[in-house]
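Next come two complexes, and both contain chain A; in the first it sits with chain B, in the second with chain C.
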Partner chain A sequence: MVTLVDFLFILGLYFAAIGLAFFFSWVGAWVFRKLSARLQARRGPPLVQPVADIIKLFGKERFIPCLANKFLYILSPLVALSAILILSFMIPPGIPYWPGPLSWDLIVVLYFSVMFSLAFVIAGWASGSPWGKIGASREVAIILSVELPLAIAILIPPLALARGGYGFTLSITDVILAQEGNFLWTVLPNWFIFHYPFAALALFLALLTKSWMRPFGDIPEAEQEIFAGPLTEYGGPLLGIFELARLFRFYVFTALFVDLYLGGGSGLIFPISILVFLLKCLSITIIMTIIHVASARYRISHVFKWFLTVCLAFALISLIRIVVGF
Partner chain B sequence: MGIMSWARGKSPWIAVLHAGGCNNCDIEVLDVLTPRFDVERLGVLWKQNPRHADILITNGCVSKHSKVFVKRIFDQMLAPKKVIALGTCACTGGIFVEGEGANIEETHTIVGGVDTAIPVDVYVPGCPPKPEAIIQGVALAIEKLKQSE
Partner chain C sequence: MTKKKETKKKTIPMQIDDVVAPEYVVPLGPFHPALLEGEYFKLKVEGEKVLDVDLKLGYNYRGIMKLAEDRSYWQNLYLFERVCGICSAAHTTAYTRTVEMLGEIELPDRARYIRTLMAELERIHSHLLWAGVGMELIGFKTLFMLIWRDREHVLDVLESISGNRQHYAMNTIGGVRRDIDKDMIPKIEEKLKVLYKATVTATKAVLEDGGIHARTVGIGTLDKEIAKKICVVGPVARSVGMKIDVRKDDPYDAYDEVPFDVITAEDGDIFSMALVRLGELVESVKISQYCLDKLKTTSGPIRAEVTEFPPGEAVGRVEAPRGELLYYLVSNGTNTPERARVRTPSYLNDYALLFMLRGQDLADVPITVASVDPCMACTDRLTTITDQTTRTQSTNTLREVSKRFRMK
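And then the complex of A and B:
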């Protein structure tokens, strides 16, 4: 029986989770832009920059192109934002997460991470612009190639737990709890990245691509070729909602990787565990930024080739190891 | 001076439009993105997309052919929007028109400066203007953006 107090408590918790996600993605987005600038020997924008961009966009003129499908044009930013908000409170911030370990976290995460990408496809098609349609078709190609290695790599830790006798679970909290302690004569922490490095690499590359970073990720919005891709015809508040959704991905996708493969908060006590978790997220963001700045953009056919051969092979190696029990 | 005015001043996104002419200003604009001048510290982002942009930098004189496209691209931008005329050609027509001062006449191909097609907020003369002058022009346009409704 859920009382009103319980309901308010859950609501407060969700708002706290979203607040943490927003704050961290703000910092992550700033680190991304500042570090990109510093790596190119530039000065870079101030800390307020990501938020100033979004506030400015909400103050611009409202606009719907005459060729657009009005319903889908307005709906798709809302789909993107709600999907990423649901993700940002379904993925626990490195700690055992109240209201308890749900046994289907990872299914929700998989589903809404696809929803987030699909929102951009809808946006591109609904906006009625040829650039938007090219961008949408590229986004579809990326979804088709990335999702299979991503799904396998996300499901490796729970499958490994089931193999190891923990019982079958699809909860991220259980995965975090299982990564406490050490292994290999207590040299290494008991993180899944050391148990299944290939699957971790596959997940890292997939998340890099899903967060629109080079070498693969920015193909849909390749600004030298197709302006802003799916978002070409967007402007004003609707673009602001998209930018807000894209801000959250700096938290969501790094947090997913840290929770599944880098041990979350590593079993420390409460306030320290969240700090450790955020530091891990930040270091993943920094690695992603360095890869983004250092690499050029691949062609869309290379994405198919890379993800459906190399990354899929990485993920399958770990899957076969689990099935064989090695 | 509300929060919206502050945000507009902090995040001007820029599109560059080359209306016609010798391409020199077009290349000079790219200098302000280099590490020496780095306009991203002012929040300027390079959006070659008029829908996303707040400030349109036009360079080159407007020809009879490009006038309709300059107008169309200006109309594609969302309010509040500001226009910078960059270079002497964009300010007056430069060497491509006949006459001088207020008596500029259009030739058989060239109409004149950018202000013959769209309203201009900031004029940055020079052939080409130095990057410092371009940054000053952008800063003046940012001041106008802050005051806009």
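And then the complex of A and C:
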């Protein structure tokens, strides 16, 4: 029986989680932009820049192109933002006992991560521009190639827990709690990245691509080829909503990786655990940024080849290890 | 009855195999982030494959050849300098060379070395610019930033010699306008060392990076037979194995005594075009160093006396960074040319794109277009105007154009 107090508590927690996610993603976006600028011999923006850009967009003219499907054109940024907000609530930000999510929240995470990508596809098709359509078709190709290794890599920690006698669970909180302590003569922390490194690599590559980072990720918005891809026709507040959703992406996907494979904030007291969690997220962001900066953009055919052979093989190696019990 | 049944084939809307994706025309240009200047590629695209290409030029027409007939030989120096911003030294070298052939003027030694030095420094700046843009077009923004950072060094050198980063205004008929001081030479040599290092780094990156290989090797391949038919010049011709270089074939300035290699490659794809240009960067640094060494020892005037331009005609050609640049001048004995004709290298190389782009992925179109290093400001010679209502085409004379755009 859910009382009013429980309901208000969960509602408050929801807003606290969104606020925390917003702060984390702000820092992540700034680290991404500053670091890539410094690596490219530029100065880089100040800390307020990622949010200032979005605020500026909300002050601009509202505009809908005449060729666009009006309903979908307005709907798709809202779908993207709501999907990423739900994701940022589902993923515990370094607090071990996160009461919000349900016992099957990994499925919800998978579902909404696809939903987020699909919002860009809808945006590209709805905007009525050839560049938007090409960008949308590229995004579809990326979804088709990335989602299979991503799904396997996300489901490997709970499968490993079920194999190890924890009982079948699809809750991220259970996955985080299971990563407390040490193993291998107490040298290494008990994180899944050390148990299943190949699956962690597959998840990392998939999330890198889903965050629209090079070498594979920024194909849908390759500005030298198709302007801004799905977002070519967007401007003003609707683009602002999309940019806000993309700001949250800097946090959400790194947080998912940290929670599933790097132990989240496990084994620490409440305020310190959030700090440690933020540091882990930032280090993942830094690694992603360095890969983004140090690589050229591949073609869409390369994405198919890479993710349905190499990356899928990485995920399957870990899956076979769980099935065989090695 | 049976025939009707056979013809009624059901097409499944989202089937993957053997389905013909809808063809549509993608406009690349006139203004596009991949193109630095106005040009229009009409790409007929099926899915991501380019089926057919059409090219439309003429967005940057300024009527320079007609203007040249109204100006004196000395005024034309400033006009032809402004045909192109990137290869301004090459244009004035070609123009002054043609005028010097008309008037049979001998260049002083020092002027020859300074001209060669300026031409090679310009080639370094142009090729580095190309390499940076090429890297940006395959999405390698970092290398673009780093190459353009290093390009600033050569612009510094050009600025210290001539006072300008572009439009150096160094060449004049019969010589050069500014001398290079003895105490300036060590500073230039220092910068040349930095440039050499930068070139080696860029070459290493292009040779070793898997991402660059995946985007350039075997992409935009130009067939050697087609290349010969459409008479491509410069690095594009050298990348398909044609060993043509005006600096070697028809030496001008100091090129007859400078030792250098003509860099060629075999494959004709974007990778070999990049290799040719990067190899030429190294050669250019060497030639510049040679000229600086010679400048230390030679002395004398930097320009010859010019008195008159006898009637006749002359064709002068130089190797611009993009290839053979050809000037044709007719003199009638007065101080203005009767006719001036400029044929720029991009004018020839652009048509290679029609063959290179067919069958490519849409993702490879920008880098393929950039691979021939098109320079639209040089190329546009004529503009035709299509009336949208009557569909008739017309060319405008200079007088009509000036009537439209000049204040009365």
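Annotations for the structure displayed:
Basically, the second predicted complex is superposed on the first by the 322 of 326 C-alpha atoms of A that agree within 3 Å, B and C clash if a C-alpha of one lies under 4 Å from a C-alpha of the other, contacts with A are read in each partner's own complex, and residues count from 1 in each chain.
One rule holds for everything that comes next: a residue touches a chain if its C-beta (ideal position, glycine included) is under 8 Å from a C-beta of that chain, and two chains touch if they have at least 3 such contacts.
Everything quoted here is computed from the prediction, not taken from an experiment.
Once the two complexes are overlaid on the shared chain, A:P130 sits against chain C while remaining clear of chain B.
With both structures placed on the common chain, the touch criterion links A:F227 to chain B and to chain C.
In the overlay built on the shared chain, the residue A:L4 is in contact with neither chain B nor chain C.
By the touch criterion defined above, A:A41 lies against chain B and chain C together after alignment on the C-alpha atoms of chain A. When the shared chain is aligned, chain B comes close enough to touch A:G236, but chain C does not. Touch criterion met: A:K56 reaches chain B, while chain C stays clear of it. Residues 40-42, 223, 227 of chain A lie in contact with chain B in one complex and with chain C in the other. Per the touch definition, chain A reaches chain C in the complex via residues 36, 39-42, 130-131, 134, 137, 214-215, 218-219, 222-227, 293-302. Listing the residues of chain C that touch chain A in their complex gives 24, 26-27, 32-34, 47-48, 135-142, 145-146, 149, 209, 211-212, 214-215, 361-366. On the chain B side of its complex with chain A, the touching residues are 3-4, 6-8, 10-11, 35, 38, 40-41, 43, 45, 47-49, 51-52, 54, 78-80. For chain A in complex with chain B, the residues that touch the partner chain are 33, 37, 40-46, 48-49, 51-53, 55-56, 59-61, 63, 223, 227-228, 231-236, 239.
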